[in-house]
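Here the structure comes first, spelled out in structure tokens, and everything after it is commentary.
Per-chain residue numbering starts at 1, and chain names A, B and C are given in the order in which the chains are listed.
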Amino acid sequence: MALVDPPVREPLDLTRARLSTRRRLADRAATAVISLAFVVALVPLVAVVGYVVTRGSGIMSWEFLTSDIPRQYRVDGGGMYPAIVGTLLTTGLAALMAIPLGVLGAIYLNELGRQNRTARAIRFLADVMTGVPSIVMGLFVYTIWVLRFERQSAFAGALALACLMLPIVIRSTEEMLRLVPDELRQGSLALGSHRWRTITSVVLPTALSGIISGAMLAIARAAGETAPLVFTVGLVYSPSWSLSDSSTALSAQIFRNASQPFAGAQDRAFGAALTLIVLVFAFTALSRFVASRLAIKS
Amino acid sequence: MSDSTPAPTALAPSPAAAPAVDAPVAHEQPTVFDVQGLSVHYGAFRAVRDVDLQIRRNEITAFIGPSGCGKSTVLRCFNRMNDLIEGARVEGQVRYHGVDLYDPAVQPVEVRRRIGMVFQKPNPFPKSIYDNVAYGPRITGQKGNLDEVVERSLRAAALWDEVKDRLKRSALSLSGGQQQRLCIARAIATDPEVLLMDEPCSALDPIATARIEDLMQEIKQRYTIIIVTHNMQQAARVSDRTAFFTTEVNPSSDTRTGVLVEYDLTDRVFSNPSDERTENYVTGRFG
Amino acid sequence: MTTLTPITIAERPDLTIRARGSRLDAAFRGLALAAGLVVLAVLALIAYSTVDAALPALRAAGLEFVTSDRWAPNAPDGPHLGSLAFVYGTAVVSSIALVLAVPVSVGIALFATEIAPRRLRRWITTAVDLLAAIPSVVYGLWGIAVLAPNITGVYGWMHRTFGDLPVVGALFGPASSGRSFMTAGIVLAIMIVPIITSITREVLVTVPRGEKEAALALGATRWEMIRGAVLPHSFGGTVGATMLGLGRAMGETIAVALVIGSRPQIVANLFATGDAMPAVIVNQFGESSGTFRSALIALGVFLFVLTIVVNFMGRVIVNRVQVRFRGAA
């Protein structure tokens, strides 16, 4: 067979210059646009947090954190102590109600019911419940609790927040439980342990850091919520630690003061916003810390 | 000559158990498990059918065969672990010292406290070494010194010397072979009569495998061991009796079902098998 | 090695005794099931109580509730409860938010999964998480105090530049105050970026690696690989993510209430003040009573139903896309 001489080729050039200009430019432009998206997202983050920090620290002081709320919007000065108390009270109580229920519910879904009809129904409805607008939660608690007892209270606010937190805790806990390898359950059951002991001695400890982390995120979310509280928690100007009396919260106070034209009200709103952001970010950071550091390394 | 009288410390005198049929040669140990007509279905799929065999005390019995022939399925019948699989259904009888394990009145938890299991992939709990071994005894509420039980189990698993100074360290800090020995220690901590081992060495390197095989030979003085293995040579090295499984096609549904082909002393199965399929498998002609 | 003695078992061991703790098993299961059923109970209670409270208004307004745009609950000639202006406002504000948020979110997701160096990815996640963590009332406060006053200049410029175009010009009408559909849409867009981004990222990650590598092996540039292998696969998932973002946008109350201007009207001008369903509820609930209050609750129920439908569709689409690819992967 006659051999054909190989075609003469130019020396090999693998640099990008060989790409057609059009393709090269398209690649560069697309990369730039996509990267720009990230910058565009950073702008509001910096703008909002930056402004709140600057304006809020103007009024921030120990007096601000410990003084009562002025009864009139146009007054300058005063503080947000009652709101801080209210936020801690309602969020704390909501957590106490929603987290145990949510963890137990998730245990049923992932460990006991698994794919049976009841479990699938609960899972689906929990998903639906995460989509309920927070204002509807507020209207709901208003209708069945505030109207029934004819008064607004910290407990009613906590109830609304708990309804908001419950499906979030169920879903995040279920995900953490799902991550526990099945071999661990089998190992425990093969040793002759009952389901409940397998769950409490092996599954829960293994998933614990993830569960706590998810619960903290739910708490951070609840602390920032306004709509569920607006109709249920009432209004006070001095701190109230009683569950059955009216209260207020940082979020509700920000909402009330935001639309007021007075400088004093606006300052207090930003002070409260700064306090709230610090609280929420602290919990978010703590949640990530728990998830990464305390997780069981395998 | 078969010998079916229990050893000296037996409690009530037992009704004479039926002498084992076709008993080949010497030291016939008493029967621990008597399986008759065992079939297992997962939903509509029949995984294994019509298994008859007896497991004898203080012997190592190996289940060998190609993948998917039901060896692990049968193994898991001995401690009712198949219950955990949705749609699993068991027919036939699995008698443990005369009690049918699948009798409706039998409690699976009770069964599993007397019959231990070691899994293919070492699965120590994310707890300390001590707590892993102590887990079983704590469940059964064993009285007596827990430290002593833990030490005894770790010694029996040939792990004591390596971990005695770090019992409180996490079990996950051990190597793969050590973890598997820990799982063996954990399983024997409750002193079960039987130890089921589902391919215990398949995730381990040859040195770790050899250590566990040595371990098995030692502890069989006290425990009865059934091991499922993919490794024929391991079965030949380690076991007293071997059961060979394979799959058969179901003409109607075009699925394969596992069957027990041959069950005999290991020497016979490997050097002079009675079934052609066994011979093909052990000589490597297939599988 | 110590010699081991064989274990001896009596014949017929009793395996029927209920081991310690088996009654606890049943109790534990009952407790966990009860906890799960609380979800069912609460949801049923929400549906029942809100619908019950909304009925007086619905009976008084009849079909007018969904066909009329006249909202005058305290009119002398009887309450007029037409919700159309609020539905319109919710629709407009959500649409603006989606138009702004979806490209940005997809961009961030692409950036994070395809372009950014590995070490940067954690910081991107952190930034997006922080955006999500900021409470909506803080966004509203910033919107009303900073964005609204300062953006009227931009609106004015857009009105002068685009206001005379045929058809679309009507969108860019004169801007009176900073509180408008557009401002609310911008604030909402910032708020829904995190959820769209995170779901889109999940979807992008399921694109089969083999296809991406095949494109690159054929000599495609990175952008060509993204356009050819990544985007087509993730289109369905992005649609699902968008719907979930829409659900979130529709239900967002507080930020919108602060910056939309609270003037229910149906106009094309995006820079005009308007109102939206959740916003009017939270703004007017305090002073309402009787049929008026019942009407606000009816609006809440209406919103509830709409968000459930949108969220459900979004979830179905996302699940279907993911199942399709997890199965193939």
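One rule holds in what follows: a residue touches a chain if its C-beta (ideal position, glycine included) is under 8 Å from a C-beta of that chain, and two chains touch if they have at least 3 such contacts.
Note that this is a predicted model, so its numbers are computed, not measured.
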| item | value |
| --- | --- |
| Most distant chain from subunit A by Cα centroid | B |
| Pair with more cross-chain C-beta pairs in contact, given A-C and B-C | A-C |
| Chain nearest the overall C-alpha centroid of the shown protein atoms | A |
| Approximate Å spacing (C-alpha centroids) for the pair subunit A, subunit B | 49 |
| Subunit A and subunit C: spacing of chain centres that average the CA atoms, whole Å | 14 |
| Euclidean distance of C-alpha centroids - subunit B vs subunit C, Å | 54 |
| Per-residue overlap in subunit B, given as positions that touch at least 2 other chains | 109-111, 113-114 |
| Set of subunit C residues in contact with two or more other chains | 19, 22 |
| For subunit A, residues that touch 2 or more chains besides their own | 192, 194, 197 |
| Contact set on subunit A toward subunit C in their complex | 19, 23-24, 26-27, 29-31, 33-38, 40-42, 44-45, 47-49, 51-52, 100-102, 104-105, 107-109, 111-113, 118-119, 121-122, 125-129, 131-137, 139-140, 143-144, 163, 166-167, 170, 192, 194-197, 199, 220-221, 223-227, 230-231, 251, 254-255, 258-259, 266, 269-270, 273, 276-277, 280-281, 284 |
| Residues of subunit C that touch subunit A when the two form their complex | 19, 21-22, 24-25, 28-29, 31-33, 35-40, 42-43, 45-46, 49-50, 52-53, 103-108, 110-112, 114-116, 124, 127-131, 133-142, 144-146, 190, 193, 197, 221-224, 226-227, 247, 250-254, 257-258, 278, 281-282, 285-286, 297, 300-301, 303-304, 307-308, 311-312, 315 |
| Subunit B - residues contacting subunit C, complex | 6-12, 14-15, 17, 57-58, 96-99, 101, 103, 105-107, 109-111, 113-114, 141, 155-156, 158, 191, 193, 218-219, 221-223 |
| Residues of subunit C touching subunit B in the complex | 1-13, 15-20, 22 |
| Residues of subunit A touching subunit B in the complex | 114-115, 181, 183-184, 186-194, 197, 201-202, 205-206, 296-298 |
